[in-house]
Structures are given as C-alpha cells and as structure tokens.
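One chain, subunit A, links the two complexes that follow: it is found with subunit B in the first and with subunit C in the second.
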Partner chain A sequence: MGELFKWDRFFENIPKIVPYLSVTFAIVIFATVLGVLLGIVIAFVNMKKIPVLHQFFKVYVSFMRGTPMLVQLMLVYYGLPVLIDSAFGTNINREWSAITFAYITFILNQGAFLSAIFYSAITSIPYGQTEAGLSVGLTEIQTFKRIILPQMVRVALPPFGSDLVGLFQNSSLVFLIGVTDIMGRAKTIGTATKHVLEAYVFVAIVYIIISLIVRGLFKYLNDKFEFGKARKTIMLDEI
Partner chain B sequence: MKTKINKLIAFVLILTLGATAAGCGKSSSDNKTGDSKTKVTKVIVGTGNAYEPYCYLDGKGNLTGYEYEVLKAVDELLPQYEFIYQTSDFANVLISLDAGKIDIAAHQYEWNKERDSKYLFGKEAYTTYVTYITVAGGRNDIKSLDDLRGKTVKSSTGSNSTYILESYNKEHADNPIKIAFVNNSTDEEAVTGLLNGVWDATIYTKRDVAKLNESYGDKKDALKVVGAPVQSSSTYFIFDRKNTDLQKAVDGAVKELRNNGKLSKISIDVIGGDYTESE
Partner chain C sequence: MGFNSDYFWECLRSGIIYIPNTIKLVFISLLTGFIFGTIIALIRVYKVPVINKVLAIFVTVYQGVPIVVALLLYNLLFMLEFNNLAKFLNLSKTVKDVDNIWVGIFALTLTAICSMSEVIRGALLSIDKGQDEAGYSVGLTKVQTIRRIIVPQMVPVAIPMMINNIVGLIKASSVVMAIGITEIAAGAIIPGSRTYSFFEGYAAAALIYWTFTVLIEYLAGRLRKHTGKFKRSSYD
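And now, the complex of A and B:
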C-alpha cells in the first residue's frame, strides 16, 4: 500500500473541487429561500388551524422530521415522478434533471423543519401580547409585524442557524442520485486518481469553514437583533 | 386582512410554480431543438461514476471510460438515436432503469437469472467477465466459496457477486457467508479494507486485481485471486423489457464494432488488453 496521504495530492485536488461548491451552494440557497416560504405557509396554517391543511401539514412535518434525508431524496427522485406523471400526464421523470429533484427534496425538507422553528418561535411569545395589541386598535397584521415578529426573530435565529449548518452537510447526499457536488467530486477524484483520502480531508475542511462562517453570521445577526438590550443570549454557543 | 393573506399565499404559490416551471422549461426547450432538425430519438444512458476504467469521471469531471467509449462508437453507428449520459452510483443505475429514468444501463452487467427475469438483456456481449475470489496477498486459508463460510465478504447491493453469494447461501444456510454490503466504496477503500482484515475476501475479475495491484501494490501483490473462477460470464447492456427496438439496434452496432475490430481496439486502449472475446 502506498502512502495514504500526501500533501501535493491534497493541493492538486483543491482547484478540482472548489468549482463544485456552486452546486452545494445552489442547493442550500434554493432550499433555504423556498423552504422559508414553505415554512411560513405551514406555520401560518398551523397557527390558524385551517382544517384539512392543518392535519395534512402535521403529518407532513412529522414525516419530514422523522425520516432520514436519504430516504426522502430517494422517494422524491424515484417516487414523485410516478405520482405526478400519472396524475398530470407529464414526463418529469425524464425531463427534469437529477438536480431539480435534489432541489425539491431539500425545499420540502427545509420547509418542514423551518415551519417547526417558526411555529415554536411564534408560540413562545405570550398570547397576551397579541391581545394587548388588538385591544389598542392594531390590526392582526400590524400586531404581528410590530410586536410578535421582532421578538420571534430573536427566538428563531439560533435554531435557524444550526439548521442551516446541518443543511450544508446533508446536501452531500445528492451525489447518490448522480448530482456531483463537492463530496461527489471528492469521490470521483478518488476513483480517477486512485487516492481519495486527500480529497475527503479537503472536503471536511470546506465544511468546517462553511459552518464557522454560518455560525459567525448568525452570531452577528443575533447580536444585531438584541435591539440594544443588554440581554445576553448564550443559545448560539449551546447549539 | 383576509385579502392580504390570500395575496401572500398566491404569491408563494406563484413563486414555487415559477421555480418548477423554470426547471422543466429548460429541459423541454432542449428537447425541441433536437427534434426540429431530424427525427432523432433521445436515449438516456445510465452508467456509474466510480468504476475505473469502465465508467468514471476524469480530471475535469467529464464521464469517461470503456463503457462510454463503446457507447459513443455505438451511437455513431445509429443516426436515429442520440445518446445522453446520466451518471449515478452503481446501486442506483438499475433502479433508474426500473423507474424509467434511463433507457440503457451500462455498468459491466453480467447476465444472471434474477436480472434476466426483470430486464431485457442485449444479446451481444461487449466484454468478458470472469470473476474470482480475491483476498489479501498474504492469505492462504481461502481457496473456494466453501472456505468463506462464516467469513465476511465485501460486496455491494445489486451486484452480480452479491447474487452469486446469496445463491450460495441459499444452499448452505447453516453456516452462510457473511455478505458485507459496501456501496460505492472507492478502490482505495476496498484494498485497505481487505488488507486490514475488515473483509476476508471479495469478488473481482483478474484485470481488476491487476489494476489494483498496479495502483496500490508498491511492486508487490497487495491482492491476489484464488481458486477457480466463481463465474465465467460476459457483460451486456441492459434495457427495459419493452424496448426491443433499441436493444436490436444497439446489438447490431456492437456486432459491427466487434467485426471491424473497433471493439477490441477500444478494450486495448482503455482497459489495457483485449477482453472482448475470451480470457
């Protein structure tokens, strides 16, 4: 067995892997932006207890939170087209690329997780505050925007940040359906050059850097949303 | 108040629909440009991304290898088809064929009964595939499948070696071979595991072992094949059961490539020896 790890191979791999960061980021950005929207919708439905939808989303969220990401990815990639194509006569099974299915999976997954974060953040604000807002003549939307939202953001931020860190790591699963992200590229470099450890080490470092940046960003946001209050949160450090 | 909320919901719906429409709009326009010129049928070929030298991604991240070269030559002979390549890990190639995502599965597939009952096999083989029990170079205790009972053998889901081992275990249920399902491991992981004793053996072709020894052997034989062949077979392209037209066309092209010597030339160029007739 030759040497398992060599620095020159490590540095050779960097320019080969870095371009694939765009794939990882695209998944995370799609999943976060559309996931936030979906999360808002689900949290709203749950707050308002809209019949049928409310029960549906309850099952949906518990499914998304209770099954492995990999299973969800396989179900969306192989199962979703069967449902949609037979219902609408489309052919997304072949026309949509693997990455589209990856986006959908991660959006659906993030929507569920974020809805739980939003819902718990909203309910953490005592209902008395809403009542107070309404009693002084604010509309429901004004009450939400001026009283609830500024407080719930602070509650939601730390779990949102750790969710985002987890999302970056989960995105490495897409390689299994044929989308080449940084993890996938590391693996294929391993096959082509016969040495895989250097590529894995580099990918590990990339994920560590990303997670440090995300955590730093959320710490900054967290401090910003203190609104000058001296209340010191230690939540971010605990997660 | 209510209308505002409705607007918000409508906005979200439009946004998600827009995003998905953008996704499918892209691919459908691709199809149109192909169709308008000639009556060319698009054929999606599913292959692997981590089996050197058959199907793997090169330094730039492009698909390369023996499967790709053969299929490219086949495609050149078939003007009515245009091949598009889609890579995934080995275990997912046949599942993609099941799901109708691909039309041809190409990943050094050997014929076996279980696969044959499910898929349409090409009639023209394009490589021979003779597999042996493979162990670490220093081991002398294993010579046949019988010696492997109670020992751990590395395999992967959906592979022919798994089929061989499981068939063996059906007849020897009292002390079966332990099958370790290791999906999409790299060559380096496989060699390391066999040398460390994580697995006692695995099943490879001689040319795979020669390749691994060259890459990781340090001029010694890291691995060696033992005993008689576990199975002597050939590899074929696999199609959906309904897709006989495509199968016949591809078979015809493979036959032509064999007859004009191009197939063996690709084999020598890419694999390093002529593995198209017999070993």
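And now, the complex of A and C:
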C-alpha cells in the first residue's frame, strides 16, 4: 500500500498539469460565448415560430439533449471530415487539430442547452407584461430590453450556473479524441511514469475546486439579482 | 468515404445487442442511488446532527468530480488493488475473474446517489413545514406523516427532476467505454473497428440513445399528468 500513493509524486505533478488548465478554460469560454449566441438565435426562432427553421431547431435541440456528450464529440470528430471532405474535397481530418472538433461540438451542444434555458426563462414571464409594455407605447425591442430581459436574467441564472458546472465536467471528455487538457495530461504522465493515481487525484481536486467556485459565484449573483424580492429558489436541474 | 447506409444498419444492430449492458449499468445504479439518496435526503432534511454536515460536504464535493475522472480513478484502483483486497478478505478471486462492468456500476452508483439525494431533498423542501405540523397535530406519527402527507405531494414535484436524472444517467453511462466496457456506444462501433470508419457507428449509437430519451420523456409526461391529478380536485 505504501507505494500506491506518494505525496512527493503528487506535488511533482502539479506544475506539469496546471498549464493545461488553459485548454479546459478555452473550451469552456468558446462554448459559453458562442453557445450563448447560438442559444439566443435558437430561442428567438422558437419565440417567433419562424417556419422550417423552428421545426429544424426543435429536432436539433431534442437531439442534443437526448444523446450523450461523448457520442456527440465522436460524431463530430469522425463525421465532420466525412461530410465536409466529400462535399468540398478538402482534408480537414489532417488539417484541423483535434481541439477544433472539440470546440465545434461544445458550441453546438451548449447552443442547444442554453436555448432551452433562455426559452423557458422568457416564457416564464407572463405575456401580459409584453402587452402592458406595448400598450404604454414602448416598441417591441424596448419592451424586451426594459421589461422582459431584467426579469428573465433572474430566472435563467440558476440553470445557467448548473449548466456551466456541467460544461466544465463534460470538457474532461475531450481527452478521448486526443486533446491534451488536464485529464489528457494526467494520462500522458501516466504513460511516461507508470504512476497515474496521483495525477488523477489532482485532476479530480481541480475539478472540485472549479465547481465550488462556479457554484459560489452563481449563488452570489443570484442573491444580487434578487432585487429585494424574497423568493424561494430551488436549483431546478432543467438540463 | 461518405455515409454508407448498409454499414449504418450493421452498426445499429450491433449497438442494439448491447442495450442490456446499458440497462444493467443504469438500472442497478438508479435503484441503489434511489435507496441511498432517499436516506441521505431524509438525514439532511431532518438535520440528524454531525452526519447531516458530513453528507452535505460529501454530496457537494462529489458532484464536482466529472464522471470520467472518477471512473478512471476507480478503474485504476480496481486493477492495482483488487488482488490485495481479495487476499485480505480470503476470496479466491483475482482481478481477471471480475467483470469490470462493476467498476462502471460503482462509479455511476455514486453519481446517482448524489443526484438522487439532491432531487429528493429538493422535493422534500418544496413542501411546507406546516404540513408536518398539521400531521402531528391530528395525531399521526412521524413515519405516518411522511408516508401519507409528505410523499404523495413530493412525487409530482420530484418526477420531472427524477426524469432528468435518469436521462442524464443513461447518457453518462456511455462514458464507461473509456475503461473498455461494451455498452451501446462501444457496441455500435464494433463493425467499424475493421475499417476504421466510426462515423456510422456513432451515428447509430446516437440514434439508439435518442430513441431511448425521447421515449422516456414521453412516458414521463404522461406520468406527470397522472400523479398530479389530486391537485386539481383538492377542494372537492
């Protein structure tokens, strides 16, 4: 048992793994920023019920919510080259690095999940509020910006927070397509030194810390957005 | 290259053969998760001293660990230490005799325990404290109050979150292919490993999972209508 876990190996691994946090954060930031944009577009299409696009996005969101992240990642990784290469005669399989496929998957996935969060946040506000806004002479955009949006943010915040925690955790899957994030780095340490337990434990601790920070941040934001309105919030895992 | 549909059907059939493995992974984890999750939720809601705090910390911390990290960690410990443990317990088994699907089940079970405990706790907290008091005041015991007053009201609150969890667990179960367990996703790409074309295999796997989740959500919608019935007729 003495050989199994050694603290000096554990501490040796820290400087080797920490730099790769940037990869994890890059995936999360790309996925969140572009995912929010995609989510807004999908939610807008669903609100306006734009024909064809509306049905298409419905199927799209259902697919993204109904299949495992891992399978989506593999589908993009193996499928995109097949589709694009045969259509355009390119060779993206070689030309694009694995992380590009990871970015694409996570953006597509987050777009779907976030659109569902935005859509249910918008529809949680009674339509009477929009009518009231329009009746006092506000334009549609003004009504949305001044009346709906401030209320919507408060509703969307808790599910957005748990979505972000989930995103950080899901980003650990990218090592399966050969991206070296912190988990991928832990694996390569394992193959190089034959001692991988310490690296895995450190990675687990990193993820725990990240999730605690994100949860804490969203709890703080949530309290801030209460606007003095006493409300019992249950963190609904709508995702 | 391109999408080969004959090949896709072959992958689909291969994936379907392994559905029982996914069901085994999900079902055992869910059942254990539900039992222990309920116990944890009750301990936390009724604030049993000390254990309450320990469990709260455990659940919060454990929910921060990605399932793939936990899985690889357990698999490693299983490979390294199982023989020693078996010797210590005088079992005549070695690591080769045990199917590593149990490592997958173990990892999924711990995840399920944490998420189930949160669902049940959320549902318990959504019920007004006055209901407990009302139960006691008419002479019901604590157990009777829970069984007759609290649980019937909890069920409609818990079902949507529970379904999210079940769907989440089905999806999470695909991760076990990382330690070499063959379930739907790993099964569907078996035909592909001959030719290194995995696209059709993963497309087939996605279709199977998608069918599963859409079906579950449809059934859940019907169940929710059924369990919420009493609410509409509360003042009859």
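Basically, the second predicted complex is superposed on the first by the 222 of 239 C-alpha atoms of A that agree within 3 Å, B and C clash if a C-alpha of one lies under 4 Å from a C-alpha of the other, contacts with A are read in each partner's own complex, and residues count from 1 in each chain.
Quick note on the criterion: a contact is a pair of C-beta atoms (placed from the backbone, for glycine too) under 8 Å apart; a residue touches a chain by one contact, two chains touch by 3 or more.
What you see is a predicted model, and the numbers here were worked out from it, not measured in a lab.
Aligning the shared subunit A places subunit B and subunit C in steric conflict. In the superposition on chain A, A:78 makes contact with both subunit B and subunit C. Touch criterion met: A:140 reaches subunit B, while subunit C stays clear of it.
In the superposition on chain A, A:29 contacts neither subunit B nor subunit C.
In the superposed model, A:50 lies in contact with neither subunit B nor subunit C.
In the superposed pair of complexes, A:18 makes contact with neither subunit B nor subunit C.
Shared-chain residue A:176: touches subunit B and subunit C both. When both complexes are overlaid on chain A, the residue A:197 reaches subunit B and subunit C alike.
Once the two complexes are laid over each other on the shared chain, residue contacts for A:217 go to neither subunit B nor subunit C. By the document's definition of touching, of the two partners only subunit C reaches A:67; subunit B does not.
Clashing C-alpha atoms with subunit C after superposition occur in a single stretch of subunit B, namely 188-196 (options considered: 62-70, 170-178 or 188-196).
In the superposition on chain A, subunit A positions 1, 4, 78, 82, 176, 196-197 are in contact with subunit B in one complex as well as with subunit C in the other. Touching subunit A in their complex are the following residues of subunit B: 1, 4-5, 9, 12, 15-16, 19-20, 23-24, 27-28, 31, 44, 49-52, 56-59, 61, 86-89, 92, 95-96, 99-101, 184, 186-189, 191-192, 195, 215-216, 218, 222.
Within the complex, the subunit A residues that touch subunit C are 1, 4, 62-63, 65-72, 74-75, 78-79, 82-83, 85-86, 165, 168-170, 172-173, 176, 183, 196-197, 200-201, 203-204, 207-212, 215, 234-239. Residues 1-2, 4, 16, 20, 30, 34, 37-38, 40-41, 44, 78, 81-82, 90, 92-98, 100, 103-104, 139-141, 175-178, 180, 184-185, 187-188, 190-192, 194-197 of subunit A are the ones touching subunit B in the complex. Within the complex formed with subunit A, the subunit C residues making contact are 1-3, 60-61, 63-70, 72-73, 76-77, 80-81, 84, 115, 118-119, 122, 125-126, 161, 164-165, 167, 170-175, 177-178, 185, 197-199, 202-203, 205-206, 209-210, 212-214.
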